[in-house]
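In what follows, structures are represented as structure tokens.
Each of the next two complexes has chain A plus one more chain, namely chain B in the first and chain C in the second.
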Partner chain A sequence: MSERRATLRRLSCSNGASHCSRLLEGTAASRERRKRKGLSAVRREEAGSMAAVVLSEPEKLYIVHGVQEDLRVDGRGCEDYRCAEVETDVVSNTSGSARVKLGNTDILVGVKAEMGTPKIEKPDEGYLEFCVDCSANATPEFEGRGGEELGTEITSTFYTVFSSENSVDLKSLCINPREHCWVLYVDVLLLVCGGNLFDAISIAVKAALFNTRIPKVRVLEDEEGSKEIELSDDPYDCIRLNVENVPLIVTLSKIGYRHVVDATLEEEACSLASLLVSVTSKGALTSIKKVGRGSLDPESIFEMMETGKKVGKALHVALQKILDEEESLGTSRQKVGFLG
Partner chain B sequence: MPVDHRRLCGPEESHAPALWAAEEGGDESPRDPWALRPLFARAAVLSQADGSAYVELSGGTKVLCAAWGPREAPEPPTAAAAAAALRMGRLQCDFRRAPFASRGARRRPGSTAERDAERDLAAALRTALEPTLQLERYPRTRLLVSVLLLQDEGSVLAAAISAGALALADSGVQMYDLAVGCALCRGPDPSAAWVLQPGEAEERRAAVRLTVALLPALNQVSAVQGAGSGGTPEDWAEALCFGLDACYRLYPVLRQSLLQATCRRRRAM
Partner chain C sequence: MAAVTMRLPVPRKPAVVNAPRGPEKHLVAPGDTITTDTGYMRGHGTYVEDDKLIASVAGVVERVNKLICVRALNTRYNGEVGDVVVGRITEVQQKRWKVETYSRLDSVLLLSSINLPGGELRRRSIEDELAMRDCLQEGDLISAEVQSVFTDGALSLHTRSLKYGKLSQGVLIQVSPSLVKRQKTHFHDLPCGASVILGNNGYIWIYPTSEQRDEETGGFITNLEPVSMSDREVISRVRNCIVALVTHKLMLFDTSILYCYEASLPHQVQKLVVVTLFCAVGGNGKASSVAEVRW
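Right, the complex of A and B next:
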């Protein structure tokens, strides 16, 4: 029994609690000091912009202990994702759409291609516009302007992730340099927030872009120099995007001394800081970002990046397999939609 | 073809010529990658704010920051937020760019693009500064940090983080440590080395950009924000180490400026 209590104490301090040693993950002296604070020390909750769950102290301890032993509340290891369901082509009024269910998290992404003018700095490229809608369906905290902060955070993260030159071949979206290009409006709806929003959204965005079909157009020029855009008669005559280089985001949440991928809401409540990394299918990291209230040890950032690369690569393979499978079924596929 | 001679027929829309201007100074002499641009920091510069700081990088980036100590927070909208407010204070960050801060055309202060950019910077500033504060000592209150960017010549976020931490320390709230920010970037050339505290032109040309913030006394990283063409984890780790080392070298400058501010204050008393 006494041994059990000793472990309890040791792990409780790793969740980071006492005032001045929260930020430390090191020195023996501070560990001693934290030990003495014991159980009562865990008094934190990540209530940031995400939908917050309220956990009692023992519940948090239970989660932290589990993570320490590489066994999480739902039976997963630290580097395992929850079971994800992906379905593309779910909304008929879009150019491409996808719905992703990752555990409880439920995301719907629609891509609409519209014609616009290229940006002045990049006259021969189209561009992507992201819009994240945090509706009050997901959690009552998003009512009114509540979800705005989270919405802008997600939007700006995705602009950064897609700012890398070769994520999507933007040149293929150009119709007529300086005059016309395709603008892809990527609209993200959060239907249910069940933790790990960023990863789920990035999977959904990639799936939706894979599913996107942009009608083929031709530019005709008459002798006076006036141009006309002609749409192909065949509705199946369309261009597809190459999504091979579209990165996926992997969120690594620091819990205690370890980090986990794909944290649930409860686990997010136990984590003070997480690292977002965007990983391409080849395993290159195109962006990193720390989020959350806490700080991280440099060593743990290195470890998290390694894990992110490994997990991200596996995730890409799994997603591509699902997408190809669905593609091969063609029109014979039975659509599940929203009632499945 | 009838032509209206009465007025000058220009094109319907016009753009700033800077866009088409030849890239100037493309072949600068390569910088010593270890070299830091001289940094000037001064705390307690504004008399009306609880705490304030001014940080300037020798390239020209100028940042003015004010901090207001714990003040009453408005009623939280939801029960969960209210429970959180009971436990700890909130840090609120505000980032403004002066309309004349950057090169080229004047940016309209209220425009959507400008507001979005400012909001992103404010959010980044908040994540970087929150770990430095002992917020649980200030329940039901908010701390306010307001940054005004006077001139943008690169490494803006890093300068703002350093200035924000200085201003908070100067306002006398309880902190764990100062946060020191440092930016670095790498050119598109595959053999290019990482450069510390890049200027505006270097930042624009860079293939990879990274901003780090460090709490030097605790050896904790409070902000990492990087993006660019892909790299292996080892590449990023190397860059991170490089940036953190620079933060350690900048730390004494900030400490010195705090010390000087305190001395000035005592003399004035």
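Right, the complex of A and C next:
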């Protein structure tokens, strides 16, 4: 028991204030707060950077009681995901792309492979650069610079998740040690916010990396010693990335006394705190992050981690199956894209 | 046991409903020429270019004598007097509340347009004004009727009947206002065990049927007791049925929801969320039964 506590103290939980969690505190207390601060100030404080819905107290009560009994509003259990639609190769001028629709949430990821110089501390490896853009299409709050805070939070989360050495084989991205390497620019575009952004983005990132085709290059040395890089003429001659160890993020939201996976916007409004757990296909955790204003009991953190591992493994299996199925269809696959 | 389902996207097929239709409607998209006859006056949704009348929105062409206008189908709610709406309180102001009803402007609910708890009839005083937040707060859901429309298009609501008022536990779904059929009554007690309010503004409220039908409290006392499991299942199933009908762009009224519910009974509640089953329910179960309903 004491060693579990020690482990928890060592784990750094960063409290991101991104989720709008309207606390199920007594209505009197919230009313007092509102009367003192005035409405617009409270709304700004509570809105945070995520598009959130406002719910009435009885609606929240209905959701919380439903979660206690393992029957959510749309009939799912606490550990069930909404049906996800995955399609790869939707953007033609990228090295790899994927579009994921998880319920209402719509994410588009494009991966571009460009030549760059390796980092000084890792001269024989390539690297990944993430960029998340919250489009104003998702919600009017993201207009202009409104979506920047959420975008930077998601970007930093993904850097942490992919910081583990085995996630992507970076050594395969090296062309010339210390001089040339492949840099994968992973651009994420949020089209519609329907709850559970992190999971949907991680599924899309893994699908896009699976779909990425990096052209094969040869390094030719001249007599003077200057190196030339030659791209192969065949457009289909490319290397694929090994995405076996790419982790997927599972968000577990604490509602009442239980936790749910894949929360909708309404459920996120009822949740006090959430745990973001990134799991590889073998069930290993690469990172943990706590978000939300509420607190989590150490026992429930361990329960949530176990659920996260179980659900994460199921997620990997389902995603790999659908990616293999899409791959096997080959050129006969009917591309749906955005206008289908 | 965790259930994760993923699928590949399926291209949308145009819906084929073998139901008797009314007279053919003239559907236009933005940029389509409606007519080249210069004798017509242009109404909403049209503009004139090069002596041609062109549509600026996607919708149905309506002609009244010499006036041509295009009524858009995918649009915000345009209120009419007498419509039943479900709205959410966004602001509490002096002597009135601002209600969000998916229209272009927030609707207004005046303090004088609500029933006082206890059913008293008197002039609203300063104490009533100060106690407004005890009655309706930000975030509360109400059902109301449109009393009048201001010149700028904002709606004035009232809850002066005992069937309107604050809504307690249940589920809210937001659909396009054009999908809600205009009927004599919008409050339905479905025989399957749930009750539904089909707001004209596209807000559908599903709630458990309360046993005390004659309890006329004026709707400001909320019931916070936990809802039973059987009621929850019925509500989840009705919710998924409504989402299925909306995905297939079928009109929402009590009979269509009921037929969809009955067609969905052989399947498990959570599986209804999977779109492939939508097609089965929407295709077989619905098309035949919709044909039996008079439009």
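Criterion: the second predicted complex is superposed on the first by the 292 of 340 C-alpha atoms of A that agree within 3 Å, B and C clash if a C-alpha of one lies under 4 Å from a C-alpha of the other, contacts with A are read in each partner's own complex, and residues count from 1 in each chain.
The working rule: a contact is a pair of C-beta atoms (placed from the backbone, for glycine too) under 8 Å apart; a residue touches a chain by one contact, two chains touch by 3 or more.
This one's a predicted model, so the numbers in the text were calculated from it and none came from an experiment.
Student: Should the pairing of chain B and chain C on chain A count as a clash or a fit in the superposition?
Tutor: On the superposed model, which is not a single observed complex, chain B and chain C fit side by side.
Student: Check whether A:V54 is in contact with chain B, with chain C, with both or with neither, and answer first, second, both or neither.
Tutor: A:V54 sits against chain B and chain C alike.
Student: Thinking of the overlay built on chain A, is A:G294 touched by chain B (first), by chain C (second), by both, or by neither?
Tutor: First partner only.
Student: After superposition on the shared chain, which partner residues are touched by A:P140: those of chain B (first), chain C (second), both, or neither?
Tutor: So A:P140 only meets chain B here.
Student: One more residue to check, A:A263. First (chain B), second (chain C), both or neither?
Tutor: Neither partner.
Student: For A:V86, select first, second, both or neither according to whether it touches chain B, chain C, the two together, or no partner.
Tutor: A:V86: touches chain C, not chain B.
Student: So in the superposed three-chain picture, is A:T280 touching just chain B, just chain C, both, or none of them (first/second/both/neither)?
Tutor: first
Student: Just checking: does A:I322 make contact with chain B only, chain C only, both, or neither of them? Give me first, second, both or neither.
Tutor: The second partner, chain C, only.
Student: Considering only the touch criterion stated at the top, classify A:L170 as touching first (chain B), second (chain C), both, or neither.
Tutor: Neither partner.
Student: Look at the superposition and give the distance in whole angstrom between the closest pair of CA atoms, one from chain B and one from chain C.
Tutor: Nearest C-alpha pair, chain B versus chain C: 8 Å apart.
Student: Across the two complexes, what residues of chain A are contacted by chain B and by chain C?
Tutor: On chain A, the residues that contact chain B in one structure and chain C in the other are 54.
Student: Under the touch definition given earlier, write down the residues of chain B that touch chain A in their complex.
Tutor: Those residues of chain B that touch chain A are 15, 19, 77-78, 80-81, 83-84, 87, 116, 119-120, 123, 127, 130-131, 134, 136-137, 176-177, 210, 215, 218-233, 235-237, 240-241, 244.
Student: Can you check the complex and tell me which residues of chain A touch chain B?
Tutor: Touch list, chain A to chain B: 19-20, 22-24, 26, 43-45, 47, 52, 54, 120-121, 140-141, 144, 146, 149, 152-153, 156, 160-161, 163-166, 273, 275, 280, 282-298, 301-302, 305-306, 308-309.
Student: Report the residues of chain C in contact with chain A in the complex, numbered from low to high.
Tutor: Of all residues in chain C, those touching chain A are 1-12, 88, 90-92, 133, 137-141, 167-172, 222-224, 226-227, 229, 232-233, 235-237, 239-240, 268-270, 272-275.
Student: Which chain A residues qualify as touching chain C in the complex?
Tutor: 27, 31, 34-35, 39, 54-59, 61-62, 65-66, 69, 71-77, 79-87, 101, 261, 307, 310-311, 314-315, 317-319, 321-322, 325-326, 333-334, 336, 340
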